[in-house]
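Both of the next two complexes hold chain A, though its partner changes from chain B to chain C.
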Partner chain A sequence: MSTATATRSVLAQTRREQGRLGVLLVAPALALFGVFFLFPLASAVFFALTSWNGSTPTAPFVGLANVREMLGDPAVWHALGNNLQWVLVGTAAPLLIGLLLAVLIWSGVRGVLAYRLIFFLPFLMPPIAIGIVWGWIYDPVNGWANRLLEAVGLGELARGWLGETGTALWAVLLAAVWSYTGFVVVIFLAALQNVDLELVDAARIDGANAVQRLWHVILPQIVPTFITVTTVTLVGGFSVFDIVFIMTGGGPGNATAVLGTYAYENAFNFSRVGYGTALALLITVLSLPFVVALNRVQRRLALRGMGGGAP
Partner chain B sequence: MTATATVERRSPVNDRVPDRRSSRHVSGSQIAKYGVLLVAAFMALFPVLLIASTALRDPAEVRVDPFALFTSFTLESLQRAWTVGGFSAYFLNSVLLAVPSTVLTVVLSTGAGYAFARCRFRGRNLLFYVTTLGLLVPFFALMIPLYFQLLQMGLLDTLVGAVLVLTASGAGGLSFGIFLMRSFFIDLPVELEQAARVDGCSEWMIFRRVMLPLVRSGAAALSVFTFLQNWNNFLVPLLYLPGGEYRALPSALYLFASGRTMEVGAVAAGVFITILPVIAVFVVAQRQLIRGFMSGAVKG
Partner chain C sequence: MSKRTALAIATLVAAASALTGCTGGVAPSASGDSNTITYLIAQPDVPENLEKMRQEIAGFEQSSGITVQLDVLPREQLHTVLQTQLRSGSGPDVFSYDTGPGFAGVLADAGLLHDLTDAYAQNDWQIYDWARERVTFDGKVLGVPDQVETLGIFYNKELFAQHGITEPANLAELDAAAAKLKAAGVIPIAFGDQEGWQGGHLLSMGLASRIGSQGMTDLVEGRVPWSSPEVVATISTFFDEFNRKGYLPESATAIGYDNANALFYSGQAAMNATGSWLVSDIINAADFEVGFIPFPGPDSRGIYAGGLGAGTFVSATTPAPDAAVRFLDWLQSPEHAVFDVTELQSIPAFPVDTSGVDAGPLFTQVLEQTSKMSSGSGDFGLNIDVLTTNQFNEAMEGGLQSVLTGDRSPQEVADALQAAFEQSTGS
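The block that comes next holds the complex of A and B.
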């Protein structure tokens, strides 16, 4: 009896010490996070309810006027359309290309390490470098895009890719896909390592061909990774900014404007801090449901014992 | 667990096991496979080669035909950018931004990650979920209020301000760091902790001497990732260091490339200087970087 009490009191003391250490270790990180993330985020919500111009000492409170203005602002709908294209193509293309390349590498080739290195490199490039070098590739006079078209006899298609309203968004998107695909390749390669090879072998013995094995045996085993990658890309698609800002600044006209560049323009060029912040929050609000939905799917899959698993 | 170990195993998709006969007789699907991979690899590398080529060519030639590949070799453009172009100063500023913010992020994330994984205290789960908010909310949402906040705190246009912002809310900041480090600590067996406790270790010693050494490779992966994110970060130096005294490489390049003369050779040299450390870090630490990425993303 007395040993039991003693053990309990030792346990309680351990708990207490553990708790104290935990709080101590968390405190500095949370303090920084509070000041430079949570506080500005709360300010953002407040700013979004004002018509502040950034220079007056007080911000005039306008309630939901910014939201009403957004709904009636054709530029917002135009930008939203561009975001939607960006999200759809910018998610689907790297996923499909990345999956294809990962499976090809995984299926046994020489020089796996070299491929992994080469494909991952574009993902690590700074956006400013991506923007500048793809700007050169799209150069109307000397760019390699047009040279390539001329070389294969499609010279009449040559144009100033970033300067024309019809092609600018796609041109920027291609640069982003170029950078992002390598990330998908590396992540899928990692996930493929966990695929149960015995199942694949069994399917082969049962007469399933390569495509059937990929679709029915291999893909189901990497679904959690598929969802993680999709989530990351989707959120990135809504909040896209750097690469568009660098390559076209939203132009020509507003052909490539996305919510991000439109929000920036309002806040920093037109001194409409309130409206710009409201737009920036709209981006967040739009992407959240996707994250939650995908997270829920992933959790359900994890419960069904398909590996992966939510934190 | 490494990629090579698995991939060098028997080919799981192809029917044919590579043996002496199949290596002599190359099938059509093999050709197609290598064809696709080689074309993709070329496309992945081409823009990087274009940067290197343009930066290393004779500037006079670049003026005539800007994008020809590797027709000459000289360090002239690089030297001019480094000295006359002021890129040595931008480089230093980038180091002063990326290194302290990386150290701060990794140290704080390791501590907090351990606490969230293994210490029980009130509000632990709630606080952890709050920190993961940073993974959901794009930096964009706070970028505007943060500008005015730094202005009021007297931190606008200071290295300290930019470093703290990179640490707290950048893409490679605390949210990701804590999330990743917590996932490393959570995998460690409880028995280790208990054994150390029986041996009379204090809670701090358990963290410092027993658990910390076990996540060293994870922390290294986080360091590499965080450094690259902060080195590449475009918006933070552009917005919060507007004065020009602490201009970092990305913002300098942006102003340079969108400025008056489009001197391709000079811009290329600047881009090359910016990506050299990225390539160097990547080549040296790619194994750790990729492993860190995999454990973060594959586990979800």
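The block that comes next holds the complex of A and C.
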């Protein structure tokens, strides 16, 4: 056997062993992915094609009947409208408020750690607790919201915030924005640590004002983080359930119903697990294009070398 | 067959088995011990009652050797949390839940309840026939009814006297009384409908006095449509007219049940339209004399609506069915029934000797009414939501909230009720 042949043989064996090692290393992650993502997804798709009521041993296959019903169900369109409002405002508000607060803290305020803690604390609270506490705040009899309005001379604005069709969704949304903004602040603060201060100083010397420095110098360096936070918030807007369920249960009437609460109502209150699952899948399907698009933007920016690094 | 092919087939078979396995019911219940049961109830309105119940149950534990783990959930969470728990197999062994097709019926349809038909026969349980019907689904008795109740208006006797108001003998008098109270700065009727079910109770009261017990039976059994003028008029009177006149608290759909009761206890509101289960709470919280009257009819004093409230049920997957049945048997013992009446002001759905019970005037009145109702000697309307399906109840509760918020008219809601009734009964 020549030296070259022996070398090739050793290389081939090494590659095989590396391949085996690779499979072994990836196997746990693949197994977890299969068990906790692929299998539930396959189950969801399966049940969405059935009229299962949650108790019978078999699930009658109905094909796309649930999808057809969804398209003609006015309650779905109403809930979807509420979801879209939630996605728009529930994404934009925490991003804008969070970015401004993060930049303010980053630009030299004393006690950064304390601010981080204060802003992040609401995000650590379970949505159930947030819902209950904000329910007390909005209470028309003893709630602080109305008392505060009365104290500052705006008593005529006092109302049952969660009980009126025109205000209920926005009142719940405000509670959600309050709880989520802290998360955005902390993530942006982490990203701002990687911003090149020399560029900011140079812009200042060149006469750029605070808004110009933020828009033209700071923001481009944290774009990947911005996109990541946008993606997470946006998906949360489609899948929102807990805080609405706790604060209003979708009421009054069905004024605050979102796809999540409507899916729950069908699956658990009406024992229509098949239809409820189809509605839950609709949430996933609606979120996907946004996630893919934002992911592509992020990748393109990364290729162009933009961003001070994602957190 | 290559190893790869065999592996692929095995994987597919495993996946298919797992998928079909998903449709096969729920896992065993929480306690896992045949001599220990978990017992879930709604948080009592009076906190001290929970301790009384613990002590009472301790007596059963001592005499039976069965351990009972008593858990509580806020009343408003019981419907949502319990159902999810039972479906996931982590629910309690024995639990309190509302009766009728819209509540326990949903659990029965989902196969989540243990069949107690044999237990009834073996233990000779003396539950009233009409009450047992409310927990019977597809010919199987699936629960033990344990709360007979009436619906009407509690009123603050001192406030009534202070403003020169007597018990209203008809709807016009109720209107006049409410107008007088409002003019004096008192909220006429403490009504909060944030949860939604309170609206159904109020509709029951209004209909009971407007169309009588037979009229309500005709509605519930589908002989008269829910879109009929009487239903529209009843919805219109309370949810539209009374609301617009300011007889209810502002933004009633934003006020929860407990807060509405608090308005009554604090003397801010003069009347409270709800059920007799609140007597215990009223006795503890109100420092004024309270009367209880039916919601008036257009031309009469009216009749009370009434029926069955909660019942006790056993999870289909309990590992301790025998212990659960012994516990249910003890719950129906004469001694425990007297405890229910005297300590909790709760009225069981079987004959109880209350001759020696010192109940106070308000509860004595309720006891007399429920006794008449249980024996079939009085005229009582029906409490709608424990007799109708979940779909109907959702339409009723959401619809009545929509009238309060001004988004829908009484006629639209009545039409929606009829549509929901037809849809849920397949008629």
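The criterion applied here is as follows: the second predicted complex is superposed on the first by the 269 of 311 C-alpha atoms of A that agree within 3 Å, B and C clash if a C-alpha of one lies under 4 Å from a C-alpha of the other, contacts with A are read in each partner's own complex, and residues count from 1 in each chain.
Here is the rule we use: a contact is a pair of C-beta atoms (placed from the backbone, for glycine too) under 8 Å apart; a residue touches a chain by one contact, two chains touch by 3 or more.
Just so it is clear, the structure is predicted and the values come from calculations on it, not from any experiment.
Once the two complexes are laid over each other on the shared chain, residue contacts for A:187 go to chain B alone; chain C is not touched. Touch criterion met: A:33 reaches chain B, while chain C stays clear of it. In the superposed pair of complexes, A:54 makes contact with chain B and with chain C alike. The larger set of touched chain A residues comes from B, when the choice is between chain B and chain C.
By the touch criterion defined above, A:74 lies against neither chain B nor chain C after alignment on the C-alpha atoms of chain A.
In the superposed pair of complexes, A:207 makes contact with neither chain B nor chain C.
By the document's definition of touching, of the two partners only chain C reaches A:164; chain B does not.
Using the contact criterion defined above for the overlaid structures, shared-chain residue A:43 touches chain B and also reaches chain C.
Of the two partner chains placed by the overlay, chain B and chain C both lie in contact with A:139.
Shared contact residues on chain A (touching chain B in one structure, chain C in the other): 39, 43, 47, 54, 139, 142, 268.
Interface residues of chain A facing chain C in the complex, by the touch rule stated above, are 39, 42-43, 46-47, 52-59, 138-142, 159-165, 245, 249, 251-255, 265, 268-271. Contacts from chain B toward chain A in the complex involve residues 1, 3-4, 6-15, 18, 33-34, 36-37, 40-41, 43-48, 50-51, 54, 65-67, 108-109, 111-112, 114-116, 118-122, 124, 127, 130-134, 136-146, 148-149, 164-165, 167-169, 173-175, 178-179, 182-183, 197, 202-204, 207, 228, 231-232, 234-235, 249-250, 253-254, 257, 264, 267, 271, 274-275, 278-279, 282-283, 286, 290, 293-294, 297-300. Those residues of chain A that touch chain B in the complex are listed here as 14-15, 17-26, 28-30, 32-33, 35-41, 43-44, 47, 54, 97, 100-101, 103-109, 112-113, 115-122, 124-130, 132-137, 139, 142-144, 178, 181-183, 186-187, 189-195, 197, 200-201, 204, 210, 213-214, 218, 224-225, 227-229, 232, 235, 238-239, 241-242, 246, 260, 263, 267-268, 273, 276-277, 280-281, 283-284, 287-288, 291, 298, 302, 308-311. Taken together, the chain C residues at the contact with chain A in this complex read 15, 18-19, 22-25, 80, 83-84, 87, 106, 109-112, 193-196, 249-256, 259, 262-263, 390-391, 394, 398-399, 401-402, 404-405, 407-408.
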